[in-house]
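Each in structure tokens, the structures are laid out below.
Note that subunit A is present in both complexes that follow, paired respectively with subunit B and with subunit C.
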Partner chain A sequence: MATSVRAASDGRAPAGWRTKLFRLDTKASPYAYIAPFFLCFAAFGLFPLIYTGWLSLNRVQLGTSAHWVGFQNYTDLWDNQFFWTALRNTFTLGLISTVPQLMMALGLAHLLNYKLRARGFFRVAVLAPYATSIAAASLVFVQLFNPDYGMINQFLGHVGIDPVEWSSSKWPAQIAISSIVTWRWTGYNALIYLAAMQAVPADLYEAAALDGASRWRQFISVTIPSIRPTIFFTIIVSTIGATQLFGEPLIYGGNSSSGGSAHQYQTLSLYMYDKGWQVGELGQASAVAWVMLLILLLIGAVQLFVLRTNNRRKLGG
Partner chain B sequence: MAQLTQPVRPSGQSRSAATAEKPRRFRLRAGGAGKQQNGGPVAYGFLILAALVSLFPLYWTVVAASHTDTDIVTPPTPLLPGSHLIDNLKIVWDQVDMTTALINSTIVAGCVAFSTVLFATLAGFAFAKLEFRGRNALLTIVVATMTIPPQLTVIPLYQIITNVGWVGHIQSVILPSLVAAFGVFFMRQFLAEALPVELVEAARVDGAHSLRIIWHVVFPIARPAMAVLGMLVFVQSWNDFFWPFIALNQQNPTVQVALAGLGSGDHTIDHAVVVTGALVATLPLLLVFAVLGKQIVGGITAGAVKS
Partner chain C sequence: MRTSGRTRKAAVIAVAGLAACATLITGCSSDSKDSGSGDGGKSSANEKITLHIGDFGSFGYDDKTGAKLFSEYHALHPNITIVEDNVSDSGAYWNSLKLHLTQNSGLDDIQAIEIGFVANATQPQYASKFVDFKTVKGFNAGDWLDYKEKEATTTDGKIIGVGTDVGPTAICYRKDLFQQAGLPTDRDKVAALWAGDWSKFVDVGKQFKAKAPAGVAFTDSASGLFNAVLASQTQQYTDDSGKLIYDTSTGVQTAWNLSAQAVQEGLTAKLQQFDANNTWSAAFKTNKFATLACPSWMIGQVADNSGPANKGKWDIAQPPQAGNWGGSFLAVPKSGKHVAEATALAQWLTAAPQEVKVFQKFGNIPSNKAALSDPAVLNTTNDYFPGTPVGKIFTATANDIKPAPIGPNDSLVKDTITQNGLLDMEQRGTSKDKAWSNVQAQVKDKVGE
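After this line comes the complex of A and B, so read on.
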């Protein structure tokens, strides 16, 4: 590309200011095009990220100046049982909302990949929850999961199951909250899988069919390995999303940042909001935020490691 | 320029045609009609179930929004729409400033979508078709920034908007969202495929400066992807909760912040009214979905990482 430009300018007046300008334009314009992104990121992403790290080493309250305390905010967290509860809850909530969601999305994508009547309808229908907001979906699910009059318990009653305490008990509350997440995102992930499945070469299926592989066998041995990068991508995105769960548990608890009467569904985000905006300890809240970043980096490293070893095993075998 | 844009349309079409054709070919060759008929009822059964589970909460939102609080909290829960929708809407508007909230959400989501699409197209074009030092490293950085959670930035941002007196003003929600790494990546993926590099070279040889190339070559080709990205970002921004919840208040809310206000203890909680608020917040997007659902579906599948 660069050669063609030079050829064009060589044909004209030698080294006139137009040519110089033109060459400068060619050189500089790529940076001009990516500049808005990097400027905004520096101002609203990178700078706050580092500043949060600095704040986490200070005692600072809303409206006061910072006072250096070193790692005390972190050791305070270590000694705080509610921090550990929040960490555990974030982990369990993440697990029970991400794993079933992605498994169901895979199955759904497989079904949507069949030749179907009303295929467009099904695709739009499963994506419809994506159009709802965290706030709206949570408020509606709070009604559905109400232990006294909610439709879920009524339905369970019809099939002979006793009413479940969807808010005061730990696991039922976490299941209810994770169902909001799962409901909103399953269809979205299914469509991402579907796109990847449609790019799998037909020859692979032909070969498998010739070898006598059943449809299930083909799904396991051809489809899943072929779309592995996409699966990896959705796992990362969903993990990041699950680590940040905030609105669902907040609204499920009636706008309370405590995450239930016994903190049974208080996530790290809620805990951070509680520390920062309810208690007013911004330094402590910053420490929570940085712990979240460390956890994400750790998860990312583990996932990368798993992917690498998987690929190596594939190459070796 | 007319000459330049000519090869564009066909290439765009052939691309979508190719993705549409591929699965069909696979079905004809490897599928075996018999196997597919066997799988049919089961597949339809599961899909109908999935569609029901997806759509039922939305349907029930409409039902609950048209009943009284007493109807909802007395089992059996009503399953058909009632006649109290207008009353509930009036109460929603009494309790929170829903008009302001709807206007604010429209402004915020509109500004964010416009600027994200504009900057993402420019950056996506640079990353897809221009050669410059550090391109790959910078693209890696863009993708990596997607993993930074907002929790890591809200505390300094909150301090900043407090200092400049922007708490409760919508510019504090708009400014931090003007660009999105996802958008840059999305446009790069699209333009890498859809924009023939010869077009850019030809325009350069003709002496077009880079803004001319953007305006007359890149934008016309990128238009379908820009539309899809715009819709996706609009939906995301309209539904955004965490930062608006912190930066705004009930005097000047977005729809989501107003909704959180409806569900909180400030008023006696009328469950029908709360659900009506949820309906008001969701309805605009559902209407967009009803009209443009297929394009949005296509956009999401186009933006996916393909193996």
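After this line comes the complex of A and C, so read on.
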């Protein structure tokens, strides 16, 4: 191996430190370049993950030392009605925010993909909500959805609908929170879809148009199949986001981690925060964190499985 | 051989790179606290130092809106500059303080502690981090109201904080709305309606409701009523031994039953105090309710929320029974660089003359006995309540307060009862029994007993 390298260096003066240094550079430098990431990951990603896992097997309160309880924190969760409520809420909130959000993003991206005036402006405009902070957006929505004097109930009043209890009733509250999420993330996803759509070869559309396919038909039969991997990506990212939903319900409930008077919108993250910081039971909070991770892995596995079988069917057919 | 040598060098460089990065990452964490000598006693009197005081909400010390105590202290001690690290939310403040305490870092020279958390702070894992005022020269616990300093005392007798204000609770009421409902408006006659018993207060509510103007509830919230009733009980959430007894406590039962009754009779405006939606604060302006349990710090809220248009419509009456709702302490973490100076400052801030100044400027009722009986406090009035002897009403209540033992889980149980149980009954119509069993289930989940 050393010989071949020497030959490659064009038979110049025997090897010397220059070549060694060069070799060292090519071999070692990449590791040095990527080292900061892995170091940061180890410090802020891997270590907390493992430490949380260890904490979840202990009974530990803030400021006191831990003692080992094995899987008791997990079995406690299993028997805990509030955990199940939080899990259900996380699921329903995730569903009613992610599904409409991605559908709307797809539609928006399709529209933005047309040749239209001031396209650049619209593209920036759809991203504007994403640039807003969660806190600011949530505070505005809290005002809009105020049951007593909020704009939404006033508007409903004008069209003859009784005021809706946007915070104390379960579904209205969840819909209100999901609207914050949808508002913030639709544009972001739309831009991702738009980028993918622009990579779709134009001749596919031309061919489809020659075959007499309408715009809608083209969207369904050309666009969607072409950007399938991108859609899959956004579904995974949105699922992760939905499982970790925290800021919106926290601020919607007025910085209370109980998620409404009857926990009607307490998510898993809020429940974890409640356990960890309000109550100070770090072990139980860690167990919730790990359950969230396991749920995400499970959902990810299911999604991957669905995609695989789908692709196989496509290829087979 | 050469190959392995190369690999080793590569490894050396990689490790060096890693080490450099590691230094970058961890570099900022360790050096700040080590340079000082640790005990403030050694530093000379002329050394220029900055004392940080961490607090929440409004303590009324600052130079902008408060009693200008920081600049006054600076004039007395030119070498000392005071910086206030203030956050608005006392709960968030305590959450970060307990984290700093467990890590023994990021602490200010003085840390304020709210009464709702002081029982937590006296637990061994936190109490050991604070200066014991009993060992401090010139400190006399008897200078403060007995119940006040008792609350900051640990089971083994250490005193971890000096008392700032207390929260004697009276009743704020709307004279115009009382008149429209055919009730007396004079504050002594109003107080006589419910003197001695909170259940009479609910009865007055029924009378009010019978003739009340449309859309006006008797009181703002079940939680406000609950807190006021509970504050006047000698048995609250915790017994003398520090055990949580909320579900058998007569005080909690009294407060729960009365506020549940008020909800069922439709006497509350179904509001949540200090809610983020601002529905509560907006309801002051739109005349949604006629009474409000008023700890001394609440009168500022009444004035701000009701606005100039309602000036002169509110008055303050003695409560059925005296209770304490709120108040804080100043504690000095041992890990500070200037412990001696910080302790001296905490004593100065809570000494009678300073507590009087804060009260006059800001309305926080002193916990220092000498300040409480100071004529300047007794004769204080408030512009927003023309003719109301604010100082007399609150000092009288403060002196009547009968203390109850408090425990580390009190604020957790209180939040569960007021923000979940009572609010659930008010806003979602949950039955009293169901709401109570929900409260029990939640407390069990949180406290885990």
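Observations, loosely collected:
In this text, the second predicted complex is superposed on the first by the 305 of 317 C-alpha atoms of A that agree within 3 Å, B and C clash if a C-alpha of one lies under 4 Å from a C-alpha of the other, contacts with A are read in each partner's own complex, and residues count from 1 in each chain.
One rule holds for everything that comes next: a residue touches a chain if its C-beta (ideal position, glycine included) is under 8 Å from a C-beta of that chain, and two chains touch if they have at least 3 such contacts.
Owing to the predicted nature of the structure, the values given are computational and were not obtained by experimental measurement.
Once the two complexes are laid over each other on the shared chain, residue contacts for A:45 go to subunit B alone; subunit C is not touched.
Using the contact criterion defined above for the overlaid structures, shared-chain residue A:149 touches subunit B and also reaches subunit C. When both complexes are overlaid on chain A, the residue A:298 reaches neither subunit B nor subunit C. Contacts of A:209 after superposition: subunit B is touched, whereas subunit C is not reached. Once the two complexes are laid over each other on the shared chain, residue contacts for A:279 go to subunit C alone; subunit B is not touched. Once the two structures are overlaid, the count of subunit A residues touched is higher for B than for its counterpart among subunit B and subunit C.
By the touch criterion defined above, A:123 lies against subunit B but remains apart from subunit C after alignment on the C-alpha atoms of chain A.
Judged by the touch definition given at the top, the superposed model places A:103 against neither subunit B nor subunit C. Residue contacts after overlaying the shared chain place A:258 against subunit C, while subunit B stays out of touching range. Of the two partner chains placed by superposition, subunit B and subunit C are both touched by A:31.
Common to the subunit B and subunit C contact sets on subunit A are residues 1-2, 27, 31-32, 36, 40, 62-63, 139, 142-143, 146, 148-149, 251, 254-255, 277. Subunit A makes touch with subunit C in their complex at residues 1-2, 20, 23-24, 27-28, 31-32, 35-36, 39-40, 43, 62-64, 80-82, 139, 142-143, 146-149, 165, 167-169, 251, 253-256, 258, 261-263, 274-275, 277-281.
Only residues 1-2, 4-5, 8, 22, 25-27, 29-34, 36-38, 40-41, 44-45, 47-49, 51-52, 55, 62-63, 107-108, 111-116, 120-137, 139-144, 146, 148-151, 154, 183, 187-188, 191-196, 198-200, 202, 205-206, 209, 215, 226-230, 233, 236, 240, 243-244, 246-247, 250-251, 254-255, 268-269, 272-273, 276-277, 282, 285-286, 288-290, 292-293, 296, 300 of subunit A touch subunit B when the two sit together in their complex. Partner subunit A is touched in their complex by these residues of subunit B: 19, 22-27, 29-32, 35-36, 39-40, 43-44, 46-47, 50-51, 53-55, 57-58, 60-61, 64, 72-77, 119-120, 122-123, 125-127, 130-132, 135, 138, 142, 145-159, 162, 175-176, 178-179, 181, 184, 197, 200-201, 204-205, 207, 209-210, 214, 235, 238-239, 241-242, 245-246, 255-256, 259-260, 262-265, 269, 271, 274-275, 277-279, 281-282, 285-286, 288-289, 293-294, 296-297, 300-302, 304-307.
Contact residues on subunit C toward subunit A in their complex (touch as defined above): 2-3, 6-7, 9-11, 13-14, 17-18, 21-22, 25, 89, 91-92, 95, 98-99, 101-102, 123, 125-126, 272, 274-279, 282-283, 412, 415-416, 419-420, 423-424, 427-428, 430, 438, 441-442, 445-448.
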